[in-house]
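Pasting the structures here.
There are two complexes below, and they share chain A, which is joined by chain B in the first and by chain C in the second.
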Partner chain A sequence: MDNSKNEQGKLVCRCEEVTEEEVRQAIKDGAKTLREIKMITRAGMGLCQGRSCSKIISLILAEETGISIDKIEPAGYRPPLRPIAISALAKAKKKIGKKLKYKFSSAYNE
Partner chain B sequence: MIETEIAIVGAGPAGLAAACESAQVGSKVIVFDENNHPGGQLVKQIHKFFGSKEHLAGVRGIDIGKKLYKRALSLGVEVRLGTVVWGYFENQLAVVFNNQVEVVSAKKIIVATGALENTLSFPGWTLPGIMGAGGAQTLMNLYRILPGKKVLMVGAGNVGLIIAYQLLQAGAEVIAVVEAAPKIGGYKVHADKILRNGVPILTGHTVKEALGKERVEKVIIAQVRSDFSIIPETEREIDADTICLAVGLTPLTELLWLMECEMRYESDLGGFIPVRNKNMETSISGIYIAGDVAGIEEASIAMEEGRIAGIAAAESLGHIISDKARMIKNRAEESLLQLRLNPSFAPRMTEKNKTNNGIIKNSQIEILNRNGSIPIIECNECIPCNPCETVCLFGCIQVGTTITNLPLLNLDKCTGCGQCVLACPGLAIFLLDRNYSKDEAAITLPYEFLPLPKKGEKVIALDRNGSKVCEGEVLNVILTKKGDRTALVKIAIPKEHADKVRSIKTTRLDSGKEGEN
Partner chain C sequence: MKNTAEIVVIGAGIIGSTITYYLAKEGLDVVLVEQAGFCAGSSGATHCQIGMHNRFPGWGLDLSIKSIEILKDLSNQYDFEYDETGSLLMIDNPSKLEWIEKRREIQFSSGIKSYYLTRKDLDREEPYLSQNIISAVFYPQSVRINSMRLCHALISDARKIGADINLHTNVNDIIVKNRKIQKVKTSNGDIYTHNVINAAGAWATKISNLVGLNIPLNINKGNVIITEKIPKLGIKYKGEIILKDKKGNPIWASNEISELEKEYSVRFVFSQTVHGNCLIGRSGEFSENLYDRDTSYLSIRAILSRAIKFMPILEDVKFIRTFAGLRPYSIDEKPILGPSQTVNGFIVATGHGDKGIGWMSSGKLLVDHLCGRKTFMSIEPFLFDRIENNI
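Up next, the complex of A and B:
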């Protein structure tokens, strides 16, 4: 039976194939929020946008740092909340171009 | 630009109930849902719901969803399916339908986006065949695809117990339900339904590892301590081709984070939820919430919250005067109070009740040995439910105004008609005739598996834990419209087993297994 994947370590983020060990290492290297863990490891950056893993990672973060779970906020949400085609966005430029520009620039210039 | 007075995100029980309530008083309402079917999770809930008549107790979830949708349409609500809400810009929602982006301008927004399933990470958890229990339920009840043949269910809350039962109905073998907590989290009646069909519930157990090449083939389970750490040398290897994870839900709050609503963490309610007032209005004026996104509860509660949000939104638009709105909200709040009565805190019966003339407690029924069929009510947990009371034409069953009371049975007027057996959403009522013949007793069971047994057929009679007791002979099978696909199967068994037998297994169950519904 092929258990090679299991031996490499337990995956926590399956979209980006990030292991539990990598997440723990990121925390040891100083990450204190889900966003920082995401920036370092890509955990939560895949197609599901952390819908599967963010709860698991929150628990690991709480365990490693002693930060109370109710203080660990999601990594942050910004549009689009669901995957949508670039072509749809391009077509929508006239309708919401100004709004998008405003919102995206404010979101990404944090 | 799509313009409306009220935009609702999510066409599940909360969203549709909100839509109905606000449209009824004249609001213009549009509901958006990313799925192509209305009703949210109700669309695959093929079991009968608990509650009271007002909550549509005894009706299957799927039919509640259809009713709500029909009602919403008849009230002029526009329901846009297959439409994804993906952004919120300057008080307007951005949606995409058929690869076309639209902007929605609404005076009020009700967010009823529901929840998402939690996962559990253990070595091998990404192997094909391991999925959320809700996902498995979608596969079998919506798309008619059996997720696997040998299934291990993880989690003994209501979701795990209900879906384990539905997997049995669909023809899968459920090897066991494992639950890390020391006791079963879901309703006892749901647990009983699978136990008596031979599914063991292993509390204090967890999944340690899944093994397999192309997909899961084996799973290692182990016992855990109260801190959920694995007890060494308790590991067991089990063959399984599917593992279903029913380990809780998380409110799907991403849109509310985007709107910058104030959030707070409530572990009992599934995680971060928006702060709201009595009107279900968030910290941002004009943005309301209802259903699981406001905290994980169940569908009847979601509908009541939807009603409150819907009427509050309509009220703030001036469609209903506040006195009238107050009345509707009060009614919904009372209903919520009833539904939220925690089983463990439900008022127990007083000693006086137990010994009232002619009224006896369930556990005492078995001492009665009268001729003819009498109901045996095996409902020993205070859950919010009373269809047995409302269905009885002769007033023999009493639950009372506190909906979580245990049913009391007055046998004086009971005719043994069996309506209560069909009405009980928990399938916890049986009819027993101890003196069916000289040597035999007859027991009538609620039965929801296909194919139905036939009159004269020999079946295996099972006890409450699904172990074989004896052989039984089917006396008759009744399928009525009122029973809504729950059949009454009456079997004859040797008298001495009358108090043991609570289920049957047909000997040809393996030949043509098919899902109910």
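Up next, the complex of A and C:
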């Protein structure tokens, strides 16, 4: 769908209302990873935490920089898997036998 | 990447970015090297606030006041969500009122302003707080920023005025000959230089090992929770304070602290960004593993269980993300700034613990000191000598 006449531009991140132009500008300003694009534009910081937009942003990043799409790492996985009410953990009473840890894969860990 | 430099800065967190910015402004030929992206270490995992409620007369306060001055000035040029939120200390234990009043008096003597909010004031202005809060103290001079946007602005500007910025570049070795630095070996090539500034935060020990030194740091891991966007919930920065006994062990100022909260050294702190998301903290665990940035279920649970004791309204708010950061404390909890006396050209800028943002002025202090300029305060308390002589 061509929105080029729309003042707002094409939205790539609906949660934070980030346009394609903003993403491309961030890349032109030096962003080379999804995390950096996120930090600059807020794309991926909304309720869906990048689930809707990271694919298309990866494609834009690959197109602008020539980095191969399969070399583009996500901005980092963190719990919770989806938005969850604070009371779900704050009021949890069940003792658990061993500490649960969520391993995350991050573009910025060695 | 350039292969020569007057000075190489290692680390693009708040301290490294600040130092690079001021060095570039001095016209020095500076190359910045960072293993990950900008602000990817502790500076990217913080609450981003400078609270005056915990400051007392001394070097810590002086650094914080200067940082706020610098940030306020920079906020006229760059947008990093600089927000003069003030901070609210909540009191829920009447036996601590006298102690808090004593604190206020000492703070006031060095210009830290504060005033009480009574229970009636709270009903009117902070209706979301638990009824267990009997009173609160407001510190108007506290501020919040967005550290990511600040680092990005400082680095972009430094780049415009000639600094060579290299992200996603590992420092593999620093070659020293006849006790003088000769070059830095990176994953993108070598940089010939005689001066290196180690602003690598939690990784500063690793960098110091490359030149045969060993900067001892105590790494403390903290978790933070981010909520969905919600309407403004009163003062955008509030928390509880911890009284410490003579040994430095915390005495919880609150009436009820659970075993889990104690285990994770939870102290409630809440802040709200300009976008409406809230950050909830804070926990602390001693950590040895620099690669362990996991958020653990139990620490998140501990933070949230304490949070709803102070702000029950948060129960129904959804959280969307959690993250963890490493606080690099020096052994005497003072930042370490200054040149090595044994390795010529090796300069240290680390050990800021949980106050990298609050003490970002230390970056300017170091640059002014290195360039022979008049410094806004004495650098003497922070010099690397005091640690180096005891390594």
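Going forward, the second predicted complex is superposed on the first by the 87 of 110 C-alpha atoms of A that agree within 3 Å, B and C clash if a C-alpha of one lies under 4 Å from a C-alpha of the other, contacts with A are read in each partner's own complex, and residues count from 1 in each chain.
By our rule, a contact is a pair of C-beta atoms (placed from the backbone, for glycine too) under 8 Å apart; a residue touches a chain by one contact, two chains touch by 3 or more.
Computed from a predicted structure; not experimentally measured.
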| item | value |
| --- | --- |
| Partner chain in contact with A:78 - chain B first, chain C second, else both or neither | both |
| Which superposed partner A:28 touches (first chain B, second chain C, both, neither) | neither |
| First (chain B), second (chain C), both or neither touched by A:14 | first |
| Partner chain(s) touched by A:70 [first = chain B, second = chain C, both, neither] | first |
| Chain B versus chain C as contact partner of A:56, first or second or both or neither | first |
| Which superposed partner A:91 touches (first chain B, second chain C, both, neither) | both |
| Intersection of chain A interface sets (partners chain B, chain C) | 78-80, 84-85, 87, 89, 91-92, 96, 99-100, 102-103 |
| Contact footprint of chain C on chain A as seen in their complex | 29-30, 32-33, 35-36, 39-40, 42, 45-47, 49, 78-80, 83-87, 89-92, 96, 99-104, 106-110 |
| Touching residues on chain B, where the partner in the complex is chain A | 1, 34, 84-90, 92, 94, 96, 99-103, 116, 118-126, 209, 211-213, 217-218, 250, 254-255, 257-258, 263-265, 267, 271-272 |
| Chain B-facing residues of chain A, complex | 1-3, 5-6, 10-12, 14, 20, 51-53, 55-56, 69-71, 73-74, 76-82, 84-85, 87-89, 91-92, 95-96, 99-100, 102-103 |
| Touching residues (chain side chain C, partner chain A) in the complex | 35-40, 44, 148-149, 152, 156, 159, 165, 167-168, 170, 225, 227-228, 275, 277, 280, 291, 293-298, 300-301, 304-305, 307-308, 314-323 |
